[in-house]
Each structure stands twice: as structure tokens, then as C-alpha cells.
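Both complexes shown next keep subunit A, but they swap its partner, so subunit B is in the first and subunit C is in the second.
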Partner chain A sequence: MRKPYQKPTILKLQVGFMRDKKSGLSRMVRREIDGVPVRELAERFGSPLFVFSERRLREQFRYLKRLFEGHYPRVEFSWSYKTNYLDAICRIFHQEGATAEVVSDFEYEKARRLGIPGDEIVFNGPYKPKETLRRAVLEGARINVDSMDEILDLEEIARETGEKVRIGLRVNMDTGIYPRWDRFGFNLESGEVLNVARRIAAGGRLEVVGLHCHQGTFILEPEAYGRAAEKLVQLARKLEEEFGWTIEYLDLGGGFPSRNRLKGLYLPPEVAVPPLSEYAERIGRALLSGLPAGDYPLLILETGRALVDEAGFLITTVRTVKRLPDGRRAYVLDAGVNLLFTAFWYHFRVEIEKEIPGPPEPCVLYGPLCMNIDVVEETAYLPPLSRGTRLILSPVGAYNVTQWMQFITYRPRVVLVTEAGKVEVIREAETLEDIVRRENLPEHLR
Partner chain B sequence: MKLNRLAISEEGFIFDPETGNSYTVNETGLLILKKLREGLGPEEIAEAMSEEYEVSPEEALRDVQDFLETIARFGLWEEKAWLK
Partner chain C sequence: MKELRPIINSVLNSYSGILFLAKPAAGLAILLFTVLINPNLGLSAFICVLSAYAFARALGLKEDFLRLDFYIYNPLLVGLSIGYFFKIDLLSLIFLILMGVFTFLLTYSLSSVFSYYLRLPVLSLPFVIGSLIAALASYHYSNLFVKSLYGHEALAFISLPLWLEGFLRSLGTIFFMPSSVIGLGLFLVLFLSSRILALLSVLGYLTGTLIAYLFTGSFEEAFSNLSHFNFILIAMAIGGVFLIPSPKSYLLALVASAIAVPLTEASRVFWEKFGLPAFALPFNITSLLVLYTLGLSGYRKLTLYYRGTPEKTLDHYLTLGKRFPARNWEIDLPVSGRWFVWQGPDGQFTHKGPWRYAIDFVIADESGRTYTRDGSSLEDYYAYCKPVFSPVTGRVIEVVDGLPDEPPGSANKDYPWGNHVIIYDPRGFYAVLAHLSPGTLKVKKGDWVVKGALIGLCGSSGYSPEPHLHLHLQSGPEIGSPTLPFVLSAYLKNGEFRDFSLPAEGETVEPAPPERRLKQTLNFLLGQEFEYELFKNGEFKERFTLRVEMAPDGTFYFTEGKGRLYFAQRGSAFYFLNYEGPETSPLRWFFLAAPKIPLNLKEGLSWKDYLPLEILLPPFKKDLYLFMLSFWPSFLKLKARYWALNKFDFQGEISFNDKKIKTLVRLDPGRGFEEIKVEKENESLLLQRGGRP
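Showing the complex of A and B:
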């Protein structure tokens, strides 16, 4: 009888090293996603493979909804399409009651195609093509205006239709966080918002009915939302008093963090990321204390990342094992930054599909691209892996399946593990035909 | 040979008296070090490993070579020393 094999390893001892890394060992194994074995998923659907959990999507939505409704009576979640606009993902959130938040012609059309009526769409973004803008006006979408030029476009559309157009104003402001996204909308502190409001009132064709403020993404400071809410309430009161408008909604945008590890943060997300309840509490408190009783505008939240990130996993396979000149082990995976755009900003959790004997060693995870920037993780601590070992990276549900790129290879399948435990393909893998179909070889080159 | 100066315990704890560095090896790493001291070459060590453990001689050879590279980088081993 031969003994079970463990790859030979040697580790240089550094104080504190062994114990630290060992304690994390048991958490490094993930055999299944919502009850479906990782191995079965990869064998049936291929590797790499994005896997989403319907249960996690719905649970997180219900959790957040309940949380915010516990702090403020009128809340609407508007699903941020850019975060993940796969039909199946959007449909799940729409079924749970979310409206659609879109920022482009494509996203607008995709939401409409999914059956979302115009008046359940929030239309944001710095460039709204005139045609789409006209359609959004006619279909009654909530339009949050980003610039003076857009106001001019909307006045022209109002002139054509002969009706007043109801709009929201996107506002940027100092809420104490950095970087400040001050390129979007109109600045509060400089008085720009009020000037613009005067101009709108003087034009007589538009009516401001909402205020919008999206501060940024992965914001780790709940109080920033308290400040934003407070300032929007004050601004709303001022606009109502000065221009006779009624502000029907306050939209605080998205930006709540998921339990991901932002690069440069040394604490694990369990410690560094404040619980979402703190955000709900700060927002609720600022709104309820600033608003007259009984007069509660709708609170809109365009939460993206915090709803979807943790419901997404990527299964990837070690295709090549290497040694770097500095002695570290390096693994070439079949998924790189082509599929994992967020790898530039976050350290994913790296799990192995099964227990692998041997002490964890520092190693590098590379993607399959022939580019130096294709690094999935500069320093992971993993036991020695053989070719063919599958890794599970998470959370990857936010922004990856929208920002992924078709570069030198195909984009893989995306599957959904349903609440009933079935596995459904929600996006097929690309083929050569998908990619070349849009090309044209001019006559003289044939 | 450098390897002979190392203190190697049965638990896989290694001390290099020249540099003061210490290391740990796992069971198969320990086996390689012992075989190296006995003067065996990579192929023979890989063969011995695949007799004792559930591993093919090919995979074992790759792993032995990889291990040798690592200990060479730690300054515990000079490549081709086993030829002497």
C-alpha cells in the first residue's frame, strides 16, 4: 500500500508566519456552491465558469429592503444595470420589486426589452443620446440631469411635445469622502445647483421633481450618506420654497460596499466593511429628522455591488505551474483580467475545490493573457497545487460580467444555481462565429 | 557538501548553522533531503517517492526538480552537486 502523496515543500520560517496562515486553512476549501459540487459544475459547463446563486441574490435583496424600510417608510431599490445586466439577474431583482437604473441607450433599451415600463426606469449618466432621451421623456422615465447641455436638449423636447418635462437634478457635494465624484451633475457648495435651478425655472419648460446624488462606489463611511441625505433634504426645501416645485424623490445612488477586500486595506472585509445596517440607520436618521412629519419623499437607492457581488463566483482551473526567479510558485489560470476586471481593485477570496495537503506558500495567480498586467492575485497563500486544480474566486458578481472584455479568447458560460438547486445557463459561452459575425472583409481583400 | 552541515530533525525542522535560518519541510520534502544526503540523483529519488507514495514517477520527478530549485535558491544546495 502506497501512502497518499503530498508535494514536497520547504518553507523558510519567519516569526508569526506559520500560525497565521494555518488558521485560515480550513476556510480555503469550497466543495460546492449552493449544494452543487464545484467539480460537477466545471465538468458539465466548462472552466472558466461564472456561477451565480439565485438564493443569495434574493436573500440579499430582501435583507436590504427590510433593513431600509425599518429606517424610512418609502424606499425604492432601482437595480443598477451596469453592475450586472444579464437578463436573468435583472429579472430576479425586478421580481423582488426593483425598478431599473440605466445610464445609456443600450441599458435603457435592455430594460424596456425585459418588460420594464418607462416610468419604472431611472435614467442617469453624463451622456444620454437625444433619441433615447426623447423616448425616455415620452415613456415617463425618471431622468436625472447631468449637465446644462442636457437641460437644453430637454427643453427642446418639451417644446416639441408641448408638455412640461419632469426632471431630477444630479447633485455633487462634499460629504467628507475622497475621491469626490464632482464631474457628475451640478455642484452644491459652489451654488451651481441653485443657479441651474433658476435657469430651469426661467425657461418654464421643465419642472424639478427629484434630486439625485451618487457619491462613488465601495464607500466605507456610512456617515457620508447621512451628510448627503441631510444636504439633499435642505436643498429640496429650498427648491420647493423658492420655485414652487414639489420634490417627490431623493435618490442617494449606489455605493454601498460588498464584503470584498479593497486593495490597500489591510484588514479583512469582515472588519473593514461597516455593516449595511449602519448605512440604513444614518440615512434614515438624517431623512426623518430633516423632513416635516408626514411629508416623506420617496427614497431611491441604486445599490449595485452590495446586492450582487457576493452572489457571484468564478470557477477557474490551474493550467500551468511555474517557478519565478525569486523562488515563488506561480500558477497560470484559465481566467485573467479579461474576465475579472475588478481584480485591479480587489483581492478576491481564493478557495480550492478540495483539501490539498501541504503548508500554504506565497504564490502568484496569473491569467492566460500574454500581457504583464494579467495578474489575478499578486500574493495568495496556497498549498502546492497541481495542474488541473480548480480554484473558486469570489466575490465576483459585480461589474465583471459587464466590464469583461473579449481579448484573444472567448468569454465563458455564466450559470445560475436556482433556488430549487437546478443549474441553468444564463449566458452561453462565446464562439468564433459570435465574434467574426460582425466583421466584414472588403471585396478587394477577399 | 552544504547539505551535510544542516541539522535536520525527524519532524522536518531544518537549521542552517551557517546563516542561522530555519526551515520546515513536509514528509516528502524530508525524504528528498535524506536521499540527497545518501547521494541519490533526482531520477532515483523520484522513483523512490513513487514507490512509497501514490504518485507517478513523472510527476514525482517534476516535483523533485522543483524542490531542488527551491533549496538551491535558499542556498542549501548547489545544482549538480549530486554528480560529484
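Showing the complex of A and C:
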């Protein structure tokens, strides 16, 4: 094979920075996603374009299930809706056996609309509107209470229905990590949880059947989960002994990391992010050694990011090439922080749809917004790209298609590459009509 | 009246008990026969029974003891034997009472000795001894003789073929009434209660008598020998009562009747020397010898629990054998998550010869691979360092640790078991978990572990080309002792709940740990009451209350006053074990719709079960089926399949030869059965929880 022509260049030699041009190049190339060429995807469905891989979603779910169930016999995965609540994505996880974890009226309704029965919904969140709360009680959802006021609301609902309401308590605690998320639920170390439990028992209308603890997000310390599980088990025993409740589930929340590169983290994710098997092992060990053999409460995990992030890609196109005053190259893409909310804390993997000759050089990737903050990547090393070149950013499966905004421009299509290799649109691109439909022009302004 | 009922039943059962039936109605028929046809005989027997019963009650024995009818059928027989010779008057009355009490004491003591030392029933041995003593004693009781002896008139004679008359008269002789009319009546009672016993009585008699005919050469004499009733009793006892009815038990019954021929003749000659009748000694000797020998040789189809007729016993054992195969020890799955059976019993690699009952577990992914990446390091294997739990409750008697995990592809031939743990289960065997990872063992020698306790982590030490868990049960404490067959108490196989069985090689298994709330929902406590309403085809039929009560052996049951539906939570499921009671009781629908409920119901979970025929069929049809089944055990095609709709509701479909029954059960979280629906071809039943505000 003939080698592609490369413009002759002179590179400053840096010790420990020797690059094999060839291998560096091929590492940056992604021609296809699950067998479907990137070019074809972009030409058929437009750019920018979110692409999800059904195969990766299912494989990752099964992998995690196998992993955690191997360490503890009763595990339930509750799909965190806020991570990605596109119907198709949720349905795939529900088919694999996940229940739904929702944190608002909207998410609750969305899960019910997808056919998830109430008793397969975990209802979290610091604010649960009373009406939705009442519905959740009647439909038997697992409600994890966040505050004293919510307890009062629930007691009132229990008075109306005449039946005891079964609730979970959200607990926050010191597991040795920073920052501590202590604004959610009741604090363990200060004794708040026990005070609240006493109040609940005295009220006589509620019954605590679960404990919930969500320590944070993208937690890189597996031992933190071990400590959380240990403390929850101790708390559960105390509550069972003191109040006669049966704790049916322990919910350790989510926060498991994906293979994404956090900003401020020097090492690549393969090195910095502990494998998920370590998390499973710590949790399993803490639970098994703290619980009586054979009588296991259900372990609920609300993994979001760890399940979906690596199954999502964004295809975007270089629309303009610029040279900045400091000499760096800059590219304007058709996708910016309007679509990539996670760009604020991740360095994405940037791949090119084809091999492009030339040495990688530092460059900046800007989004299309007329805003200074719209930077997708401050420093990427890419060979000189020409206008129209397509880039693939990943992982982008988590949070982006929920936290994206309609700002300045439209939101693009989302497609799913099915296990059979077909490409299905799972969300259509926005049109002007979508955006203005909700608007109303008062009579005097017409 | 209500308090009298058990007493009456118990007395009546002693009558039917002589023919191996536990049916008060049959007993009443026999009582009436004896009293109406020969009032002297009948009343004597009755007095003897009552005196024994009254004495037993005076001693403080409970009804449950007296339900075991042999305690009083022996006094009954003694009463018959006395009544056969003496009229009732004051003198014979005293004699009857004395002998009744004596025979009861004899029965009570002998049965305890027999069951403790020989594990044998006492049969009618006390009767044989008691009636001999009565006969011997009366030799010198001149007063009794003068006042009470009476002669027997032959009852109206109907002309019958000799063999038939011989059979019927022998049958009558069991009750000291050697007449063909009585014999006919007794045969009808037998036939209506149990076709199997009726058949056995005829076959046993004919076998024994024909052989006697061969020896004596006289047809006449063979068929008029009344002591041939022994053959009838032997055939019934061996063929249908003490062995579970099957072609083999029938054959044994005939053999036993045949070998009793010389014994019968010999004992007749012996006792005749003393001028005494032979009674049932040959029956007792032959049956006890056969049973003792079978018991010693480990015959597997001995009846441990006789249900009142051979048909019911067969039904019980067929169901029991299919639902809870008791032959092998049951243990828990020692792992968590979904594992793959790499090598099963009689496996292709190492599970051979004395080590054939063993399982090797690994974890495989969807594509069947046991590792991720290239599988070159131990960490790539899914099974590596996964927790291993104790499959039994017992004491750790051996722990070997410190052997290294072998890298993939290699194996330690010097220490093939690697790091292992041996646990002694007090049921009498040893469980072995092998190839554990060094330094991960959580138990030490002498520890007491319970089922499910963490033992260590799966590793690759010893003869282990890749990380896996080896499990077997063995008979001795040394590693490498011969292995024993076993079953897993419960597991999931691709969403199907299975219990008391073993997965095959190449299948996946997953533990089925119970869900706490469902476990509570089906945890019925003593004294709890539940009110239900029964609707038939949409029409209200009755309202009844279920109560939870406990049997003397500690099993709990539901009762609505008449029937008893036994239940238990065993490991990962709730079971209805057994039903006793009338054919009309609504309790049967509970059994039909929910013979077992896995305690981890969720949509998609399914399971199979087997149902006793008495739950499914009207009595006569059921007995007919069972009669056929005793000859051809595979005659019946019964399938009962159930599947969960959600965490508390499930459906079932029972197909039975070509019939179908559909069921639906709704549980009320925390409160038990809420609703049960049964839909048959032309009938729909609905049981609904009522009586709640």
C-alpha cells in the first residue's frame, strides 16, 4: 500500500514525548459506530447527530448485573431517569430488568407512561410535589424521604388513605470523601436519622422499609461505597431492633464513574478510574459481613452514567477553520455546550472519521454559539483539519440529552444503532414549529 | 356431641383398621354387621373396645395416640374371640373388660418395643397373644363355661362356587364370623373403600389356597380351611399397606402369601394339639419377617405414612416423590449471581468413579466465554474472587489454605483440591468447597457455619486450569472420600424457579433468595384467622374462616373445621404439603392454585409443580386413576405450570391428560391470600377475602 502523502514538517524533539505519527493517527480515527459508517450516519441523518449503540447499552447492563450479583445475591438496578430519559434508552434498560429511579413529577409521569408499574419506581429527590407524592403512595412506589416536611406531607396522605405508608429514608453520612453531599436526607453522624425515626414511629402512620444513600457523582473511591454499605447495614439493624420495622432494601444510589476523563485529572481514565469490579467487591464484602447469612435485604443501585455514558457518541462537523492570534488553530463545530453540557467537566475523546495526514498540533474546538463560554475542548491535538471534516466525540451518553438546551439553535436528531445493525431515529430534530408552538403573541402585539 | 366425635371416629376406625382402612363409615358398616348378625359377638367386641378405650383415656392418653387404630383394634379382636365362645352375661362381661384392658396394655408396650428396636408395626400380635391367653385361661373357668358357652348356627346358605365361598368365609373369619354372607358384606366394604385392597384380598387368597391345594391334593379341603384368611391379610398388608402399591409390591404380596402356606398349616396343627384355634399368627410372622427384611435391605418404597387407603398412600407418595425427592441430601447453592455448570455429575473431565457426584461452577457471559479481554490473567475471569457461601449448616472440620492460584491454563497436580474447606453437616455427610483463592478464607477449623455464611473467595488453586468452584458431598471426613448424590434446594434456571433438583451440565443457575416482604406475607402464625367467601359461577356459596393450627409433629395447617391443609416455608418457597379432609372442602382450591410459591415472585418467573390427585379429581375417578397408576406409574400425564404476573400475583395452568384448569392467585402484601380463582371446563370458583372493614 502506498503511504498517504504527508507535508514535510519540523517538530521540536521532546524527551519522553516521542510520537509514532502513524499509531497516533490511527488511534484518533473512528470510521464507524457498531458497523455503521460515520459518513453514512451523517449524510442520512444530518450533523450534529447523537448516536447510541443498543449493543453497548445491553452489554454494559449485563456486565454490571453479572458483576454485582456475583458479589451479593439480591441486586436491583434502578435506571436513573435524569441521566437519559429518552423512551428508547429507558425501554432497553427496563427490558434488561431495571426498575425506574425518578426525582420529579415529570420523570415519575414519564416512567408510568412507559408502562412501569408504581411498585417498580424508586422516587427520590428533594422536592416531590404533593399531588405526585399522593399518586406515588397509591401506586406503591418506593419513596425515599428527603426532609421532615416531606414526612409531614406523607403522614397527611396516610391519614387520607387510612393505610400505613411504607417509606425509605434518605441518609447522608461521612464516608471519607470530599465534597460531602449533606444537603440531601438526614444526617447519620449527628443522630438526626434516629431522631427522625423516633418521630416517624411516634406518628404511627409511616413505616420505614428502606434506607437510601447517594454520596455524590463520579466517585473515584470504591471504599467509600464499602463504608456507606457498612453504615447502612448498622443503621438498618438499629432501626429494626428499636422500632420493629423490616428494612427490605438498602439503596446505595449511583455515582459510579464512567471511562470519561475528568477535567483537572491528569491521568487518563484507564489509570485514574478504578474498575467497577472494585466497587462491586467493596459493597458486596461490606454487606455480606454485616448481614446475617441468608436473610438479605434488596440492594438497589441507581447507576446512570456507568451504564449509558460509553454507549453514546456525538458526530459533529468542522464548519470553520481559524487561526487564533497566538498561532493556534481553532475549529468551529456545529455542536457546542448547548448540546454537550458535560463539556464543562469532561475532556471528551475526539476522533476523526478518516485518517488525515499531518502531524497532530494543539488546537481549540469551539461550538457554534455566539458566546465566549462555548468551548468544547481547549486543547486537542489534531492534524490539520479541513472544513467539512467530521469529528466523533465520546463518551456523551450520560446527561447530555437531558441537560442540553434549546439555545440559539435547534437540537439535533438522536439515533440508535440497533443490535441488528439498523439505524432508528429515537428523537427527531427540533423544528421552528416545535419551539414556537408553546409561544403566545398577545393580541395587541400582532 | 362435638367432643364425642373423635371418640366415635376412633372406635369406628378400630373396626375398619382390621381391614387396613381408616374410614369411620366402613367401620360403622362392620360394627353393624357384627352386632346385627351375631349380637353376642358384636356386643362382646364392642365392650372390649370400650373398656380398652376408657382405660386408655383414664391413663391420660390423648386422642392423637388413639387415632393410631391398632391400639384398640387388638382389644376389639380379643373381644370378638371371647364373644365367639361365650354369651354375654355378668361373668363374661367381667372377663371381657379384664381382657380388653390387658390387651391394650400389651399393645401399647409391644408397639413401643417393636417400633423402637425393630422399626416394625405391632400388627395383631397382641391379639394373638391376648386371645390365646383368654382361651387358655378359660380352660379352668368352669363357671364361665357352664353359664356362657353357646353354640353357633350356620347362617342361611347360598349356593356358591366352592372357591368363592371359601374366599368369602375366610374373609368373614377375620371377624370370627365364617359365613359367606358376612364375607360378601366385608368384601363390599373393601371394594367400596379401596379397589387395590379388594384385588389383593382375592389374589392373596387364591395364591395361598391353590398352593395348599397342590400340597393336600384336595380342592375341597383347601377351600374350606378357614385359617386361610391369613393369606388375605398378608397380601393386603404387604401389597398395599406397608409397601407403596406398585407392580413390585403386588408381586411381593403374592410371594408372601405363598410362603405363608406351610406356616399356616403348621401352626394349625400345633395349636390343635391344645384344642385352640390358630388365629392370625401366620399373618403376623410372615408380614413382620418380610417387612423387617425389606427395611434392613434398604427397600425404598416402604410406607412411612399410611393415609388410610392404599390409593391415598400412593397419591401421597407419588406427589411427595415428585415434589420433594428425599433420596438425596438437599443443600443450598453456594454462590451469588448467575453461574454456569461447567462439569456436572458423571462429567467428562474429572467427575468419575467414586467422585462422580460433583459440580464445577464458572461464570460465563452471553457468548459463553468465562473471561473478558484475552483471558491470560486470573483477573480476566468472571468467577475469580467471587464470594463462596456455605451450602449447609454445620461445623468446619478442615481448612486448607496457602496454595497459590494457578495461572490460567496450568494446574497443580500434587494438590489437586487446592485450598478447600470441609464442613460436617449433622445430617450425616461432609460438604467440600475446593479451589478457593489463598488468603481469602473467612472460616477456621472448628467454626460453626450456617447456610449462606461467607466461606471465602473463588480461586484457581489446585488442579484448576481456570478459576472455578468445585462442590461435592462426601461420606467421610478425609478429602477424596467417595462422593454422595445431592440436590440443590432452590435455584433459578433462566427465569424458571426450580427446587429439589440438580442443574445439568451446560445449564446456568442463580440463587433464589427470598424477598423479605413476601416472606412475611406468607408467614402464617398460629391462631391467625382469615375469612373467605366462596363464589361458584359468580353465585355466593358460603363464607368460612380459616384458622392456623399446629399438628403434634410441629407442622402448621389451615383448617376450616373439617379439612387440614398443611403448609410450610422451606428455604426459598412456601409450600402446601398435604391435604387431609373431605372432598368438598374449599381448602383444596388453595392447594390447587398455589402448591408452591417462590418467595421471590417477579414478572417473568415461572415454575412447575405436581399435584396430588385427590386435589384434582372427584373421589371415584381419582381412585380409578390411582388403581391404574399402581400398575403403570407413567399412566398419568399431569402438568402444573405457574408464572408470576408481578411481585404478589401469579397464574397457573394445570393440564391433566386432556383437561385444563386455570388458576389465579392474588396475595395481599403483608396479609396473605387475597383472592383465588379456579376455572375449570364448566365451573368457575372464586375465593375472596372478606370480613375486613
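What we mean here is this: the second predicted complex is superposed on the first by the 423 of 446 C-alpha atoms of A that agree within 3 Å, B and C clash if a C-alpha of one lies under 4 Å from a C-alpha of the other, contacts with A are read in each partner's own complex, and residues count from 1 in each chain.
By definition in this document, contacts are C-beta pairs under 8 Å (C-beta built on N, C-alpha and C of every residue); 3 or more make two chains touch, one makes a residue touch a chain.
Small disclaimer: the values here were computed from a predicted structure and weren't measured.
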>> One more residue to check, A:K7. First (subunit B), second (subunit C), both or neither?
In response: first
> Looking at the overlay, does A:S386 come into contact with subunit B only (first), subunit C only (second), both, or neither?
Replying inline: first
>> Just to be sure I read the superposition right, which of the two partners does A:R180 touch: subunit B = first, subunit C = second, or both, or neither?
In response: neither
>> In this superposition, which partner touches a larger number of subunit A residues, subunit B or subunit C?
In response: C
>> One more residue to check, A:R323. First (subunit B), second (subunit C), both or neither?
In response: first
> Should A:G358 be classified as contacting the first partner (subunit B), the second (subunit C), both, or neither?
Replying inline: first
>> With both complexes superposed on chain A, which partner does A:R259 reach: first (subunit B), second (subunit C), both or neither?
In response: neither
>> Need the overlap of the two footprints on subunit A, from subunit B and from subunit C, as residue ranges.
In response: none
> Where on subunit C is subunit A touching in the complex?
Replying inline: 332, 335-338, 363, 365-366, 382-383, 385-387, 389-390, 450-454, 510-511, 513, 515-517, 520, 646-647
> Any idea which subunit A residues touch subunit C in the complex?
Replying inline: 59, 62-63, 66, 68-74, 117, 119, 209, 246, 248, 281, 284-285, 288-289, 293-298
> What part of subunit B is in contact with subunit A in the complex they form?
Replying inline: 14, 21-29, 31-32, 49, 51-55, 59, 63-64, 66-67, 69-71, 73-74
>> Using the touch definition from the top, list the residues of subunit A that touch subunit B in their complex.
In response: 2-13, 18, 323, 327, 357-359, 384, 386
